[in-house]
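Across the two complexes that follow, subunit A remains constant while its partner is subunit B and subsequently subunit C.
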Partner chain A sequence: MQSYVSIESLSKSFGLFTAVDDISIGIGKGEFFSLLGPSGCGKSTLLRMIAGFETPTSGVVRLDGEEVTDVPAHRRATNMMFQSYALFPHLSVGKNIAFGLQQDRLARSEIRQRVSEVAEKLQLTALLDRKPQQLSGGQRQRVALARALVKRPKVLLLDEPLGALDKNLRAETQHELVRLQRELGLTFIIVTHDQHEAMTVSSRIAIMRQGKVLQIGSPAEVYETPVSRYVAKFLGEANVFEGGTARRSGNELKIESAEAGGSVLATATDHISTSGRYWVSVRPERVELNKQGSGLEGVVEQFSYAGSGRHYRVRLKSGATLDALRVNLGAQDDLSVGDTVFASWMPQAARLLAD
Partner chain B sequence: MPQPSLFNRLSIFAGLTFLYLPIVVLVVYSFNASRLVTVWGGFSAQWYTAAISNQSMVEGAKVSFLVAAISATFATALGSLAAIVAVRIRRFRGHHIFNGMLVAPMVMPEVVMGVSMLLMFVTLGIDRGPVTITLAHATFTMCFAAVVMQSRLAELDPSLEEAARDLGCPPFLAFIKVAVPNMAPAFVSAWLLSFTLSLDDLVLSSFTTGPGASTLPMKVYSQIKFGVTPEVNAISTIILGVVVFGLVTSRIVSRPSAKSNLAV
Partner chain C sequence: MMQSKPNLGRHALVLVPYGWLAVFFLMPFLLVLAISLSSVRLGMPPYEPLYAWQGSLLSIRLNLENFVFVLGENTYLLAYLTSLKVAAISTVLMLAIAYPLAYGIASCSPGSRSFLIFLVIVPFWSSMLIRVYAWMSILRNDGLLNSLLLHLGVISEPLRIMNTETAIYIGIVYTYLPFMVLPIYANLSASDRTLIEAARDLGCSRMAAFWRVTFPLSLRGVAAGCALVFIPVIGEFVVPDLLGGADTQMIGRTIWIEFFNNRDWPVASAVTVLLLVILVIPIVLFQTRLSRTSTA
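Up next, the complex of A and B:
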């Protein structure tokens, strides 16, 4: 498949520091693609190279088949929404939105028409004469979005677009972004450090660390089949134990784990060999806690009530901790701090990790 | 709010008195009807009339205002360029030295600056007069203008210009269209500060002046040698008024706009 945005062995160094280290990604037309990673992982630098604000040390950026590596930002068919929104304080909302069209020397009537179109789409019509300082955070965010969208870019780049919004508004805006992106059929590339946000909005996610891409895949793929312990722990929560000798029966593996202090279940995979070092990872929501029965024995050490679920931290006999999440289905809670519990899970709930 | 202690109240009173009582006395006695500066003889504005009709003083005032206006314009232009280099380019070879030299004239003894400039003008064979005073003032007020511009430029979000570029504006135009309008208050502020500094300068002017070119402070200073008359008080009060007006306007203009905190 021909990629719409194609990043080929792209690197960027600042002096001795390598911010982006030989990254190759292909992004399809109409995708909502996330660059996810902790701060300093190079995701913003990568975005700025796609926008044309940074010149790569080596590598190629292609946009719709054309190489744009050395094309300056003002001649690229990409538009960016900045983390600070970067609205021009001396111009009204309407003039902020019209700014990009004026640079293209479009006819006045067309500028007016396109501004009012996008203003209507983003519910900004009543605010066109205001100055950015007179707007709320959510309104500013919409103006920044409108200003970038009105140019009808091939790719819209969003740098932590929702970082400045409070939690409720953020969730609402995430859905709004997805709706807009589908409606307009545009390609969105978003930079975020919020794994929940990346999972909610994206069609695919690239997880980055120290200038490298660790894994690319749909939200379900990266959550269900993480390639490493780092990815498993970065995306959501994960209990990870080092595995020892494994006994296979059919498709099931029974793994002795000294770290967990007992044997745990997993499914056999062809990819991971159980002869070298390997790890077993299981998500807290897939751990079952029972007062009697079999499994890893431990004591409930901490409990927190999170509304939609109850979160337990269990101190296993081996000394390791295990997190378990019980979805709140309205049933009475029968576990309390200090109780002895047995933790177990279905074999298919666990993943084997080689790294 | 807790009440400040008696000691604090007394010390602030003493400090302010020490600083401002002489100025208050000067202003009050400028309205003195008596010819003696120290004896109150009733209210009168006659010394203002005398000052305004004193041809020599009016000449001095003209020179002063002209020099101040032109040197402030130069200082603002040069100071802005220096500030752009210091804030935007930042880490170039020798930036520490550059930044140091930019603000050095603030603390350099004026006499030293005066002598060095006098020597330079003499060596270059430039006739001394209003032009040389203007050049000297521009040099010395430029560092103040640069500091004002630097602080404004530093708080200007650099992504504003990036946004303009992203929307199709070439880099230089982006600076003109986005950064410059947002620095406008700082330009006014820097200009007014340079203007007032130039207006009340005596030392540099005295060193770099030539025959027939005397600024107002120089005229006042030479008149004092022949005895203080309330006329000097009146002139001083006028200068004071202009300077206070300039500084207050400069402060109001450069204050971060109250509107920016007015999020709806």
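Up next, the complex of A and C:
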């Protein structure tokens, strides 16, 4: 498949510091693609290279088949929504939105029509005469979005677009963004450090760390089949134990783990060799806690009620901790702090990691 | 409950600037206004008292003749217009020099910024009078500038700059430039860099981004700088007196001549009051309107 946005061996160094280290990504037309990672992982620098604000040290950026590596920002068919929104304080909302169209010297009637179109789509029609300082955070966010969208870019770049919104508004705006992106059929590339946000909005996620891409995949892929301990722990919670000798019976593996203090179950996979160092990873919601039975023995050390679920931290006999999440289905809670419990999981709930 | 309590500390704090203005601006001005309504006499003070007790009756004599005289006399009108012209031209010259200077300093790294601003302020460390005298020795017919140009063979006979209007502009621009640079620099250095990036992203070249975003957003600094130099330059006395010629009569010098040469305090005061009314009040009104529109 021909990529719409194609990043080929792209690197960017600032002096001795390498912000982006030989990254290659292909993004398809109409994708909602996330660059996810902690601050300083190079995701913003990568986005700024796609926008044309930074010149790569090496590598190529292609947009719709054309190389744009050295094309300056104002001649690229990309538009950016800034983290701080960067609305022009001396211009009204309407003039902010029209800014890019005026720069392109479009006819006045067309500018007016396109501005009112996008204003309607983003519920800004009543605010066109206001100044940015007179708007709420959510309204400013929509103006910033409108100002970028009105240019009909090939790719819309969003730098932490929801970072300044409070939690409830953020969730609502995430859905709004997805709806808008589908409706317009545009390609969105979003930078975020919020794994929940990335999972909610994206068609695919690239997880970055220290200038490198660790894994690219759909939200389900990266969550269910993380390639490393880092990815597993970065995307949600994960219990990770180092594995020892493994015995295979059919499709099942029984792994002795000194760290977990017993044997744990996993499915046999071809990818991981169990002769070197490797780890077993299990998500908290897949762990079952029982008051008696078999599994890893431990004591409930902490309990927290999170509304949609109950979260337990268990101190295993080996000294390691294990997190378990019971989804709140309305049943009475039969576990309390200090109880002895046995933790177990289905073989397919565990994943083996080489790194 | 808390809000209805009068906040004494805050009220006292507000009183400080008002008190300062009352003592050091309003009172002297009222004195000048009073003198302008008096008439000249020989003696000390050289003007008639405004009021006198005739028995138990207080008689106040207000004399508007000084104003009638000043308004009817062409010399004063000319001096006003000359002051206005010199102030306007030197403000434009300073803006042309100060804006690029401030822009350049604001684009430097924070470390070199403070050093460069220090350089802008450093002339203040010596007396203005001494610096104007220094200009005299530079601009004289046998001064530094002419010797240098003659020596380099650029000119064959000395340029006559001293005692011309050119010398006044050089002196005024030199003296007042920091007052133009500082507010513009303060404004530009506080401006948000991402706004420029946003403009670039929306299709602006560097130049277009400057004219559509940076410049309009710096207008408050420009207005502050212009007011800060324009108003004092109108009444400037030292520079035109020391560097200028007899043909450039500015209002500051006119007032000086009336006071000290003619010893006509009432007419000098009338000129001063008219200067304030005609020139300064419209500027102040303009300033307040500007600050109101840009905060709205």
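Just so we're on the same page, the second predicted complex is superposed on the first by the 355 of 355 C-alpha atoms of A that agree within 3 Å, B and C clash if a C-alpha of one lies under 4 Å from a C-alpha of the other, contacts with A are read in each partner's own complex, and residues count from 1 in each chain.
The criterion applied here is as follows: contacts are C-beta pairs under 8 Å (C-beta built on N, C-alpha and C of every residue); 3 or more make two chains touch, one makes a residue touch a chain.
Values in this document were obtained by computation on a predicted structure and should not be read as measured data.
Asks: Looking at the superposed three-chain arrangement on subunit A, would you call subunit B and subunit C a clash or a fit?
Replies: Taken together on subunit A, subunit C would clash with subunit B, as the superposition shows.
Asks: Is subunit A touched at more residues by subunit B or by subunit C?
Replies: B
Asks: In the superposed arrangement, which partner chain does A:95 touch: subunit B (first), subunit C (second), both, or neither?
Replies: Neither partner.
Asks: For A:136, select first, second, both or neither according to whether it touches subunit B, subunit C, the two together, or no partner.
Replies: first
Asks: For A:315, decide between first (touching subunit B), second (touching subunit C), both and neither.
Replies: It touches nothing on subunit B or subunit C.
Asks: Going by the contact rule set out at the top, does A:62 touch subunit B (first), subunit C (second), both, or neither?
Replies: In the superposition, A:62 contacts neither subunit B nor subunit C.
Asks: What is the contact status of A:84 with respect to subunit B (first) and subunit C (second): first, second, both, or neither?
Replies: both
Asks: Pick one for A:152: touches subunit B only (first), subunit C only (second), both, or neither.
Replies: neither
Asks: Once the structures are lined up on chain A, find the stretch of subunit C hitting subunit B; candidates are 6-14, 150-158, 204-212 or 276-284.
Replies: 204-212
Asks: Using the superposition described at the top, list the residues of subunit A that contact subunit B and also contact subunit C.
Replies: Looking at subunit A, the two contact sets intersect at 51, 53, 72-75, 78-80, 82, 84, 86-90, 99-100, 103-104, 131, 147-148, 151.
Asks: Note which residues of subunit A are touching subunit C in the complex, please.
Replies: Listed in rising order, the residues of subunit A that touch subunit C are 51, 53, 72-75, 78-80, 82, 84, 86-90, 99-100, 103-104, 131, 147-148, 151.
Asks: Within their complex, state which residues of subunit C touch subunit A.
Replies: 192, 194-195, 197-205, 208, 212-213, 216-217, 296
Asks: What residues of subunit A sit close enough to touch subunit B in their complex?
Replies: Subunit A residues touching subunit B: 51, 53, 72-75, 78-80, 82-84, 86-90, 99-100, 103-104, 131, 133-137, 139, 147-148, 151.
Asks: Name, in rising order, each residue of subunit B that touches subunit A in their complex.
Replies: The touching residues are 157, 159-160, 162-171, 174, 178, 181-182, 257, 259-260, 262-264.
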